[in-house]
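Same chain, two partners: chain A is paired with chain B first, then with chain C.
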Partner chain A sequence: MKYYSYFPGCSSEATAKGLGLSVQAIAKPLDMELMELEDWTCCGSTPYGSLDEREAILVAARNLALAEKTGLDLVTPCPSCFVTLYGANLHLKQHPQLMGEVNEALAVINLDYHGKVRVRQLIEVLFRDVTPEVIASKVKRPLNGLKVAPYYGCQMVRPDYGFDDPESPQSLDILVNNLGGEAVPYPLKNRCCGGSLIIPEEGLALSLIRKLLENAVENGAQCITTPCPLCQMNLDAYQGKVNSKFKTNYNLPVLFTSQLIGIALGIDPASLGLNTNIVSPSKVLDYISKVKQGVNSGT
Partner chain B sequence: MKSFVEEVAATPGGENIRACIQCGICTGTCPVANEMEYSPRGIIAMIRAGMRDEVLSSNSMWYCLSCYMCTVRCPRGVKPTEMAHALECLANQQGFKVKGTRTPAMYRSFVSSIKGNGRVHEFGTMFRYYLTTNPLAALKMLSVGLKLFLHKRLPLIPKRVKGKQDLSELIQKFGEIRGSQ
Partner chain C sequence: MEPRIGVYVCHCGSNIASTVDVEEVARFAQDLDSVVVARAYKFMCSEPGQQLIKDDIKDLGINRVVVASCSPTMHEPTFRRACYEAGVNPYLFEMANIREHCSWVTEDKQEATEKAKALVSAAVKRVYYHQPLQSREAPVNANTLVVGGGIAGIQAALKVADSEHKVYLVEREPSIGGHMAQLDKTFPTLDCSACILTPKMTLVGSHPYIELMTYSEVVEVSGYIGNFKVKIRKKARYVDEDKCTGCGLCQTKCPWKVDSEFEAGMGKRKAIYTPFPQAVPNIPVIDKEHCAYFLSGKCRVCEKFCEAKAIDFEQEDKIIEIEVGSIILATGFNVFNPTPIYQYGYGRLDNVITSLEFERIVNSSGPTDGNIVLKDGSTPESIAIIHCVGSRDEKYHEYCSRVCCMYSMKLAHLIKEHTEAEVYEFYIDIRSFGKGFEEFYNRVLNEGTIFIRSRPAEITNIAESPEEEGKLIIQFEDTLIGRQRRLPVDMVILSVALEPQPDAEAVARLFNISRSADGFFLERHPKLDPVTTMTDGIFVTGCCQSPKDIPDTVAQASAAAAEALAMISKGKVEIEAATAVINEKLCSGCQTCKLICPFSAISFDEEKEVCRVNEALCKGCGACVGGCPSDAISLNHFTNEQIVAQMEGMLV
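Now for the complex of A and B:
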C-alpha cells in the first residue's frame, strides 16, 4: 500500500462528482491510500491568478503548508489544480522574497512552508507508481476492444512539467490499451476545449468542443475519456448545446479516466458515479458486457 | 517611474518578456488569436514600445484559454500564457475597463466565491456572474444548469469549510504585508 496526501479539488465535489467518486473507488483496489488533506481550500485556480497572481500563490501555499506537515506527496486528480499547485510551489522556491512574505502571512494561522512538498497529478501516479502493467493485472472486466478517444486536454501535459509529451502525449493511450480497450488515433487529443470561457464566451467554446467531438467520432470512438473536470463538463454537459447550435447529432459518452479504470476493475457503476454523466454511458457498459458474453463481435 | 516593460517583467509570469524575438509562433499556435484585439506576438511588441494603456485596456489577454500551447512552443522561453495572466493582473489591479469581453466579470465572481466559501461554489459563481453582467443571459444557461443539477452535479448550497476563516485571515495579513512595502 502506498500513501498519499490527497487534494480532491473543488469540482470533485460538484460538477465533477463522478471524478471524486471514481478516484476514491479505484484507490484501494490499486493499493493506494489517498488521505484527504484535512481542511483544504481552493488550490488558487487560474481565474484567481488572473486577477492577483501573488495572492493566488498565497492561497495555494496554505494547502502546500498543510501537505508538508503530512510528509507525503500531494496528489490531485484535477489537472488544473495540479498546474496551479505545482506552479505556485515552483514560483515560491524560485522567489525567496515572496516565500518570506507568504510565510509571514501563514504565521497568522500557525502554518509555515519550506518548499518541501512534491505536487503530483493522479494520472502520473497511476502511470509511474502503480504502473499500467499492474493495473492490467487487476482488470476483472476487460473493455474488450472498446474504442476510446483519449482526450488529454491542456493542463495534464502543459506547461511541460516532465510527464508525458506536451505535443504528442501517450499515457492515456497506454492506460486505455492496458484495460483491454483500444485507444483510437485522436489528432486533437491535446487541443483546448475552451475551458472556463464556456461561461463568458460560449459560442467560441462550443466551436472548439464541436471539433473535439467530430474528431473523436470520425476516428471511430465509442466514447471519450479524460481526467480533467472542466474538459469532461464541456464535452458532456454541453454536447446538447453543440447539437442544437451546429445541427449535429452527437451522443458520445465522456468518461473520466478513473471511471473507465473502475469499470475495468469490476467496480459497480454507482460507486463510480456513472449516474452523474449526462450523456448516458449505458451503451459503453452494454457493449462491454455483450462482447464478454460473445453476443456481439464488436462494431 | 518604471517603464511598462519593466513593470511587466516585475510581475509574476512576465519575467521573460525581453527574450522575445517576435517569431510569431505564439500567435500561430493560439486557438483564439483571431478573437483578440491584438495578437499575442503583437501584445509583446506593444509592451516593449511602451503602449501601456492600449495593452491594458485591450481584450486580448482575457481570451487566453490557458492551454499553454504557446508556452511549450516558444523557442525563447517567454511563457506567453503566464504573461497573459500577468497582464490580466495589472489591468485588474489598475482598474482598466475592458470592452468586448465578460471574462473579467466571470473571474471576479469566481474569486469572490473562493473568498466567501474557502472553495469554489460553482452555482454561486454563475449566479453572481449573471447578476452582475446580464441576468437575462442566465436563461441560456438553464438547460445545462438543470442537467447538471438533475445529475447531482450542481449543489445549490456551498459546503461548509473550516479553513474558510483561516483563508480570510491569511489574505488579510498578506494584504497588510504588501501594503506596508
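Now for the complex of A and C:
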C-alpha cells in the first residue's frame, strides 16, 4: 500500500462528482491510500492567478503548507489544480524572497512552508507508481476492444513536466490499451476544449467542442476519456447544445479516466458515479458486457 | 642517476589560472622530494614554455620532468619531444592534467588549487620511478582501406589511388554513389548532382589502383597502425561479376516489384536490380528477401533471359582478407525519420513528405520524371517547407544539421522553376554561412518564396473554414508578428535532420573508435586534428563525423587522404613503448595471458614452456598483467611501483 496526501479539488465535489467518486473507488484496488488533506481549500485556481498572482500563490501555499506537515506526496486528480499547485510550488522554491513574504502571511494562521512537497497529478501516479502493467494485471472486466478517444486537454501535459510529451502525449493511450480497450488515433487529443470560455464566449467554445467530438467520432471512438473535470464538463454537458447549434447528433459518452479504470476493475457503476455523467455511458457498459457474453457463448 | 625533477605548472592563459592558484601550486611542488625546480608559466606548450624545460635540463641538470597542464591526449607528445630534444628520454616525463580534470570542472578556487596540488604530487611521485624506454618503429603497409562509397569515400579513394597506391573501397550497397546520387541539384551553384558525381564514380570503377568491393561489409579488424588485417564479407550477388555485361535485360524481365531504397520509397525496383541506371559497378544483385525463386523455389526468369549466363543462384557470401596500413571511414549518415513527430502527420497524412523524398520527385530520372505532383497526380499550388525537423530539437537531435537551410532553399528554387506554386519556408534561423550561400538566400527571396519565422505546432487535415477544405493546414505562431496563424497548403516538405547511421555504434566498436555525444564518430581534436581518431591509423571523413555539405565533405575527404598518404610516404610509424613484459623466471606457462590478450600479441614458447609478448602487436592495454596468476607480467610505464607511488602522491 502506498500513501498519498490527497487534494480532491472543488470540481470533484461539485460539477465532477464522477471524478471524485471514481478516484476514491479505484484507489484501494490499486493499493493506493489517498488521505484527504485536512481543511484543504481552493487551489488558487487559474482565474485567481490572472487577477492577483501573489494572492493566488498564497492560497496555494496554504494547501502546500498543510501537505508538508503530512510528509507525503500531494496528489490531485484535477489537472487544473495540479497546474496551479505545481506552479506555485515551483515559484516559491525558485524565489526565496517570495517564499519569505508568503511565510510571513502564513504565520498569521500558524503555518509555514519550506518547499518540500512534491505535487503530483493522479495520472502520473497511476503511470509511474502503480504502472500500467500492474493495472492491467488487476483488470477483471477487460474493455474488450472498446474504442476510446484519449483526450488530454491542455493542462495535463503543458508546460512540460517531464512526464508526458506535451505535443504528442501517450500516457492515456497506454492506460486505455492496458485496460483491454483500443485507443483510437486522436489528432486533437491535446487541443483546447474551450475551457472557461464556455461562459463568456459560448459560441466559440461550442465550435471547439464540436471539433473534438467530430474528430473522435471520425476516428471510430465509442467514447472519450479525459482526467480533466473542465474538459469533461464541456464535452459532456454541452453536447446537447452543440447538437442544437450545429444540427448534429452526437451521443458520445465522456468518461473520466478513473471511471474507465474502475469499470475495467469490475467496480459497480454507482460507486464510479457513472449516473452523474450527462451523456449516459450505458452504451459503453452494454458493449463491454455484450462482447463478453459473445466471447463466452462462442467458447 | 639520482632523479632531479623539474615541475612546470601551466596557466593555460586563464583556462587554468582563473580557477587554480598556479603560483601556489608551483610553491607547493618546490618542496616535494627530489624536485629541483618548480615554475609556473603562461603557456607551457609555446616555444618559450618548452624552452624553459630545455634550459633547466641543461643548466640545472634536470633529468625528470612533470608538466601540470592539459590532457595528455592534447600535449603529451609536445613535451615528450621537448625532453627528447634536450637529451632526456621522453618516458622520463609525466603529465598532470589540471585543466580537464581540475580547473574546468571545479568552481571553488580553493578546492581546485588543492586538487591541482594532489595531481602534481602524484605525478612527481610517479615520475621518480619512471624508466627510460625506447619507442619502436614499424613499417607501414602502403595499402589503404576506404569504408563507404559516398562522395566522401569516393574522393578519399581517388586521391590516394592517384598517387599510385592501392586502395580497397568497400561499400555495402550494390553501387557506390551514396546519398549524393539521390539528390537533384546541389546548392548554391545548382550543379546537377549526378553530373558532377557520376564521372567520379566511373573513375573509381576503372581506376587501376582501386579495388572496388560493393555489396560488401567489413566484419573484422585486427592489427595496428601501419599493419591492419581486415576481413570483408562479400555478400552473394547471385550474379557472376565476370560474366555480367550489364545489359539490364534481367531487370526488365523480372516480374517482382519492391519499393526502391534509392527512390526513398517513392518508386519501385525489381527483385534483381541495380539501384539506379548509372550504378558503378553496373552489375545487378538479386534481393534474396524479395526474389520469388528464393522465396518459393520458382521463377528463374532472369536466368532464362541472361545471354551471358551470369545468373548464379548457388553463389555464397565470401570472406576476403586484406592487409592495409591505414583505414579511412566514410560511412555517411542516415536521414531522420519524422514519424515520431505525430503532430506533423508524416506517414499519416498524404502529401506530407521528407526532403529526401522530394529530391526524388523533383529529379528528372525519379519516379515522376521530375514532375512535382501530389499523390493524386495533380500539381500543387502551394508548398510549405519546414526546417529543423529533428534538428535543433532536444527531443531528437540538439545539433543543427548544417545543410537543411540551404537544401530547403534549393528546393524552393526548384519548385519555382518547375511550377507556379507559392512556396513557404518555415524557419527558426536562416543559416546561410558558406561561400555563395547568402547570395543564394537573396536570390530565393527575390524569386518570391515567402519566409515565415516559425516552428509550426501542427500539420492537420481538419479544416476550420471552407478555404481549408481538402488542404493540409499548418498551425503556427508567426514570431515576427506575434500571432497565431493557420496556412492551408497542398504539400508539406519536412526538412529532416542528418543523423548517425543506425549501426554507428557497432561500426565504432568494430574499428575501436569513439563517438561524440551526438552519436557521430569522434575526431581526435575538433579544430586541430579533425580527421584522425583516437585509434592511430584510422581516419574519419564526411557525414559519419558530423553533418556537413558536399564542399566540406570533399575537402575533409582530401584531408583524410593526405593523412593516409603522409603515413605511406614516411613508410614507418613510431609505436608506443609502453608494452607488457613477461618475467620468464616467474612464468609457469599456464597461457592464461595468451587467452586474454585481445591483440593476439602473446605466443607460447613450447621449448622453454613460457609465454612471450610480441612487442609490435602489444598495445599496452594491461589485460594480461591483471590476468597472470603468477604475477609474472608487468607493463612498461605502468609498473606497480609507479602506480602505487602515484596513488601515494595523490593521497598526501
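One rule holds for everything that comes next: the second predicted complex is superposed on the first by the 294 of 299 C-alpha atoms of A that agree within 3 Å, B and C clash if a C-alpha of one lies under 4 Å from a C-alpha of the other, contacts with A are read in each partner's own complex, and residues count from 1 in each chain.
The definition used in the following text is that a contact is a pair of C-beta atoms (placed from the backbone, for glycine too) under 8 Å apart; a residue touches a chain by one contact, two chains touch by 3 or more.
Given the structure is predicted, the values throughout are model-derived calculations rather than measurements.
Enquirer: Just from the overlay, do chain B and chain C fit on chain A, or is there a clash?
Expert: Clash - chain B and chain C, as placed by superposing on chain A, overlap.
Enquirer: Once the structures are superposed on A, label A:128 by its partner contacts, choosing first (chain B), second (chain C), both or neither.
Expert: neither
Enquirer: Looking at the overlay, does A:167 come into contact with chain B only (first), chain C only (second), both, or neither?
Expert: both
Enquirer: Applying the touch criterion given at the start, work out whether A:52 contacts chain B, chain C, both or neither, answering first, second, both or neither.
Expert: First partner only, chain B.
Enquirer: So, A:114: does it touch chain B (first), chain C (second), both, or neither?
Expert: A:114 sits against neither chain B nor chain C.
Enquirer: Thinking of the overlay built on chain A, is A:197 touched by chain B (first), by chain C (second), by both, or by neither?
Expert: So A:197 only meets chain B here.
Enquirer: Looking at A:187, would you say it contacts chain B, chain C, both, or neither? Reply first, second, both or neither.
Expert: A:187: touches chain C, not chain B.
Enquirer: For the three-chain arrangement built by superposition, which of chain B and chain C touches the greater number of chain A residues?
Expert: B
Enquirer: Of the two partner chains, chain B (first) and chain C (second), which one does A:140 touch, if any: first, second, both, or neither?
Expert: neither
Enquirer: Select, from 2-10, 470-478 or 578-586, the region of chain C that bumps into chain B once both structures are placed on the shared chain.
Expert: 470-478
Enquirer: Kindly list the residues of chain A that each of chain B and chain C touches, one partner per complex.
Expert: Of chain A, residues 167 contact chain B in one complex and chain C in the other.
Enquirer: Could you list, by residue number, the parts of chain C that touch chain A in their complex?
Expert: So the residues of chain C touching chain A come out as 340-343, 345, 348, 395, 457, 460, 462, 464.
Enquirer: Going by the contact rule set out above, which residues of chain B touch chain A in the complex?
Expert: 11-13, 31-32, 35, 63, 65-69, 71-72, 79, 81, 84-86, 88-89, 92-93, 101-108, 110-111, 114, 118-123, 126, 129, 140-141, 143-144, 147-148, 151-155, 159, 161-164, 166-167, 169-171, 173-174, 177-178
Enquirer: Across the complex, what residues on chain A touch chain C?
Expert: 165, 167-168, 185, 187-188, 211, 215
Enquirer: In their complex, what parts of chain A are in touch with chain B?
Expert: Contact set of chain A toward chain B: 10-11, 13-18, 39-42, 45-55, 57-59, 62, 83, 91, 95, 98, 101-102, 104-106, 108-109, 154-155, 158-160, 166-167, 191-192, 194-197, 199-202, 204, 208, 233, 237-238, 240-241, 275-278.
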